[in-house]
Amino acid sequence: MANRVAIVGVGQTHHKSKRLDVNGVELINEAVLRAIEETGVSLRDIDAIVIGNMDHFESINYVDTWSVDGSGAYMKPILKVTTGGSTGTSIAMAGYYHVASGLFDTVLVIGWEKNSESDTTGAIITCSDPVWDRFSYAGAIPSLAAEATAYMKAYGITERDAARVAVRDHTHALNNPFAHLHKNITIDDVLNSPMLSYPIKLLDVCPRSDGACAVIFAAEHKAKKITDSPAWIHAVSTRHNFGWFGDLEYARIPSLELASKEVYKKAGIREPLKELDVIELYQPYSFAGLKWIEAIGLCGPGEAPKLVWDGVTDMDGELPINPSGGVLATNCIGATGLIRVGEAALQVMGKADNRQVSDVKRALATGFGGCFWSDVVLLGKDMPK
Amino acid sequence: MEGLEKQKEHELLTVISEVEVPYYWSIGRYAGEFLIELRDHKRLVGVRCPKCRKVYTPPRKVCGPCFTEMDEMVEIGHTGTLVAYSVVNYKFIDPNTGKNRPIPYIYGYIKLDGADNTFSHIIDYSDVEKLEVGARVKAVFEEKRVGLPWDIKYFKVVD
Amino acid sequence: MAKSSSSNVFHGTEELVYSGKISVPYTWSVGETGSRFFLEIRDNKKIFGTHCPMCNRTFVPPRKVCPRCFEKGMEWRELGDEGILMTYTIPHYHEDIHPMNDLFAFGIIKLDGADTGFTHLLGEFQRGELRTGLRVRAVFRDQRKGNILDIKYFKPIKQQN
Amino acid sequence: MDRVAIVGVGQTKHEKRKRGETFDTMVYEVTYKALEDAGITIREIDNVVTVSNDFWDGRTISSMAIQDACGSYNKNISTVEGDGTFGILYGALRILSENFGTTLVVSHMKGSESHMNLITNAMFDPIYERNLGLDAITSSALQARAYMDKYGITEEQCAKVSVKNHKNAKNNPYAHLAMDLTVDEVMKSRMLAEPIKLLDCSPISDGAAAVILASEKKAAMITDKPVWIKGIAHCADAYHLGDRDLAECAALAETSKKAYEMASINDPVREIDVAEVYDAFSYQELMWYELLGFCGRGEGGRLIDERVTERNGLLPVNPSGGCLSAHPVMVAGMVRVIEAALQVRGDAVARQIPGAKTALAHGINGPCGQSHCIMILECN
């Protein structure tokens, strides 16, 4: 049978808008050293490495081979995996599959981006079709705005409801020393921030950051030696539905619905709101903190605002979401999904310091990217059967 | 010499590049059909999936959900419904030119009459006050057409 | 054209191509370690590497952390501006990315005091003169800007007397 | 290791310019062919790994262009950026993890759509090496010089590789450049970067490839000719060219050692019947011989002189014509695996090496073969 796999260590940089003091390789190394020092393993113990980012943000072709000095991959196996915004969760899953395969016992997974090195919007535009979309495309905001508008119309959701999500995440970020933005904001601040594309305003969306995250995955026999509080991988899933922005259906986010359903099925979860203890949601804009928690089955359609207003998803609520401050506070794109997984692991391991949710047995992390693609990773304190 | 950790403060340098990488992207026979019809006849076309009967534009070979090869070209309307849009008013580099893209401008996703997916394009900026999701829009064509998507100058809101 | 059958879907054989480009400017951070390396070249015409006390290797370009043993206590070492040519190639085609137009070569040079090779350009040589093991010396630009091209190229050291 | 089998393969003809084809039409073609080869439908594929490169494609998240074409709708899918062998490796790991039973791995490349020198210049570090103007040809020339000088390998010996592989390509309907050449013609071909001449270089091609992998259980249901991956390994060397001994290639030595251990191969020359190696340049094939253990260090030239790696030699290498005859970058390593699989299945038609039971396939990533992936395939 396949190996059981756990996360045994997490390292990340202090994410910032610009890290002039380090080059990309050194930024990667900073996160790697933190993960290694945190776990007490040595570079020799790492059997394989997985790395991910997006080429055109830093204009590095073959990042896997270029980054060897920082990743520690000298004379080691290294693989590059990249899927856009969901890169961070895709590489986390790749780390899991590496170890579960039985071929590698201890695997280092690295996500990073140095968004300060290019014009982020200009680089993001290159993800659109060069002939059909690139001349008009200016980023994901209209698709997200369309999604938000459709959702608001269908259920009477307000901009204020979304602002409550932004305030929650920014408030949570104040507890996270690694977060890029530490902003004490109010609902009115969000509502009064500049309108980007109705109904999305500046404080409803994520920043761009320089940062890296490194997570160490280990097989059962190694994990138990490395730490007495491993975060076990219970289930992972990915769904991609489309490749053309024009094919998207905005009323729902079926990729996230399907991926979370698969994960729940594998893990035997029937009532996620009750059975999960914390969620790190890849939430690129505030409205996703409503609609997408419906997609992952925390409540019925249109019921998310009540959950959020009731404080259920706050730090002291029944199911805290984004204790790290989430994507709204930090977005070093290739690392973003891995930070979700890493933060979820820290919660399970009881190592999340000031942002720790008490008594976490199960933590869910999600990823989002490409053409509304979704990833879901479930971690747990108990070793999976 | 001092160790690295004891370095005195000094300038932090950067390396700047403005390399342009040329590309010669094939448009392919399916999408090419759209552009040839547009260029030569001001007609818009889509392709229909023989299985689910959905019409996609621009045309492409494979219907993803059905994993079926499509081969039926159908004419679709010059008019359609605005499904999503953005008034772009922030500065950024246009990767097509290496320079700032002129702003403000509007782009949107339009469900053309007869198509089941949406088509992305520019919306005439003078219509900015009339924009709303669900607005009816119509293609305005360039006089000189070269066989590229911007042979449609933009879409205009029709009252 | 309401419909066409599968046999004649396409108009003849016209195969359209869109000639475009990707042109996004980049500003890469050199970082503290690399900046110091370039500043020594720019301001003092000196080439430095960093030495790992663990594995006893001196790297150039300098590394902030040893890539082999992750040692953080790297020490600066001044290297010679001369070294031995380990390998080289003379390109016979021109690309806009080439920084030189006249006869030039790419080479890897083991600078005196370094354990790794330093990849750079070679100039001021005669055809047929280059060989593995040749001693070469850095030629610095007069106007130096704090980047890798502050070293103009390396040139063969002529045998004295 | 547990067993993973290759149960279906497909490739396009590799060509200089597939002007009428787009990434998705190429990927659809090979997906369709691989499914047909396996005798299954897309419904029986439970996960997909795609391989593409954002620089070559001129698109961030280049995998978006082929989501429909690889039948990934509502499936678990991911993307490897690197040579196709690394995509297959990831596909195999996903099966070994017991999360999946059948992985479709696809790769595509249109080398004709950009400018090779600029794309490969971008693999060099922007702070220290990129502005020197290095590209794949000049950096490989540095390696060729280092290797040839160290071991006394001659340009004629390298030329013999080009002659052999272009001739082998005449048996391969998918090859881009099949031709009869003489050593003299290679020697007299245009000098690009000393000592590399035009006919020492692979062309840059347009092409795509697909492989279907299956768990032991699924393989038994799909085919009676499963090709087992008996050994698989990958490994990277240092990045900066000056950090490595370019005349050696420690990462390949390590990769082959691990793959042979896994496949229980002690004497590669006798135990491997045919090898498909990543000969982006003629000198590389000679270097790879040595590091794959086909001969001692510095003996690559002797091996080609003694015709050991010819079609009818003791250990034929690149009977397909190799990368020298068709080089869709990213796809080319996957093509090596496909060719090796066809050989051990006995389905390599005109390029079949009689009686081939065990084959080696090899792919590379990064400048001067920095990172390698090897698979040992068997069909019984």
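Just a few scattered comments:
Order of writing sets the labels: A, B, C and D. Residues in every chain begin at 1.
The rule is short, and it goes like this: contacts are C-beta pairs under 8 Å (C-beta built on N, C-alpha and C of every residue); 3 or more make two chains touch, one makes a residue touch a chain.
This is a predicted model, so every value here is computed, not measured.
When every chain is reduced to the mean of its CA atoms, the largest separation from subunit B belongs to C. Note on interfaces A-B and A-C: more C-beta pairs are in contact across A-B. The distance from the centre of subunit C to the centre of subunit D, with each centre set as the mean of the Cα atoms, comes to 28 Å.
Once the centre of each chain is set as its mean CA position, subunit B and subunit D turn out to be 36 Å apart. Contact of a single residue of subunit C with at least two other chains is seen at positions 15, 17-18, 20, 22, 24-34, 64, 67, 72, 97, 147. Shared interface positions of subunit D, i.e. residues touching 2 or more other chains, are given as 19-20, 55, 58, 67-68, 72-74, 118-119, 121-122, 126-127, 131, 238, 240. For subunit B, residues that reach two or more other chains under the stated contact definition are 12, 14-15, 17, 19, 21-27, 29, 31, 60, 64-65, 93, 95-96, 148. Taken as a contact graph, with one node per protein chain and an edge wherever two chains touch, the assembly is complete, since every chain touches every other chain. The residues of subunit B lying in touch with subunit C in their complex are 1-5, 7, 10-27, 29, 32-33, 35-37, 43, 45, 71-75, 93, 95-98, 147-148.
Against subunit C, the residues of subunit D that register as touching in their complex are 19-20, 58, 117-118, 121, 126-129, 131-135, 137-139, 141-146, 149, 190-196, 238, 240-243, 246. Here subunit B touches subunit A in the complex through residues 12, 14, 17, 19, 23, 25, 27, 31, 56-58, 60, 64-65, 83-88, 90, 92-96, 101, 107-109, 117-122, 133, 148-150, going by the rule given at the top.
Interface residues of subunit C, counted against subunit B in their complex, comprise 1-6, 9-11, 14-36, 38-39, 48, 50, 64, 72-78, 97, 146-147. Residues 20-21, 59, 119, 121-123, 125-126, 130-138, 141-143, 145-146, 149, 196-197, 241-248, 250 of subunit A are the ones touching subunit B in the complex.
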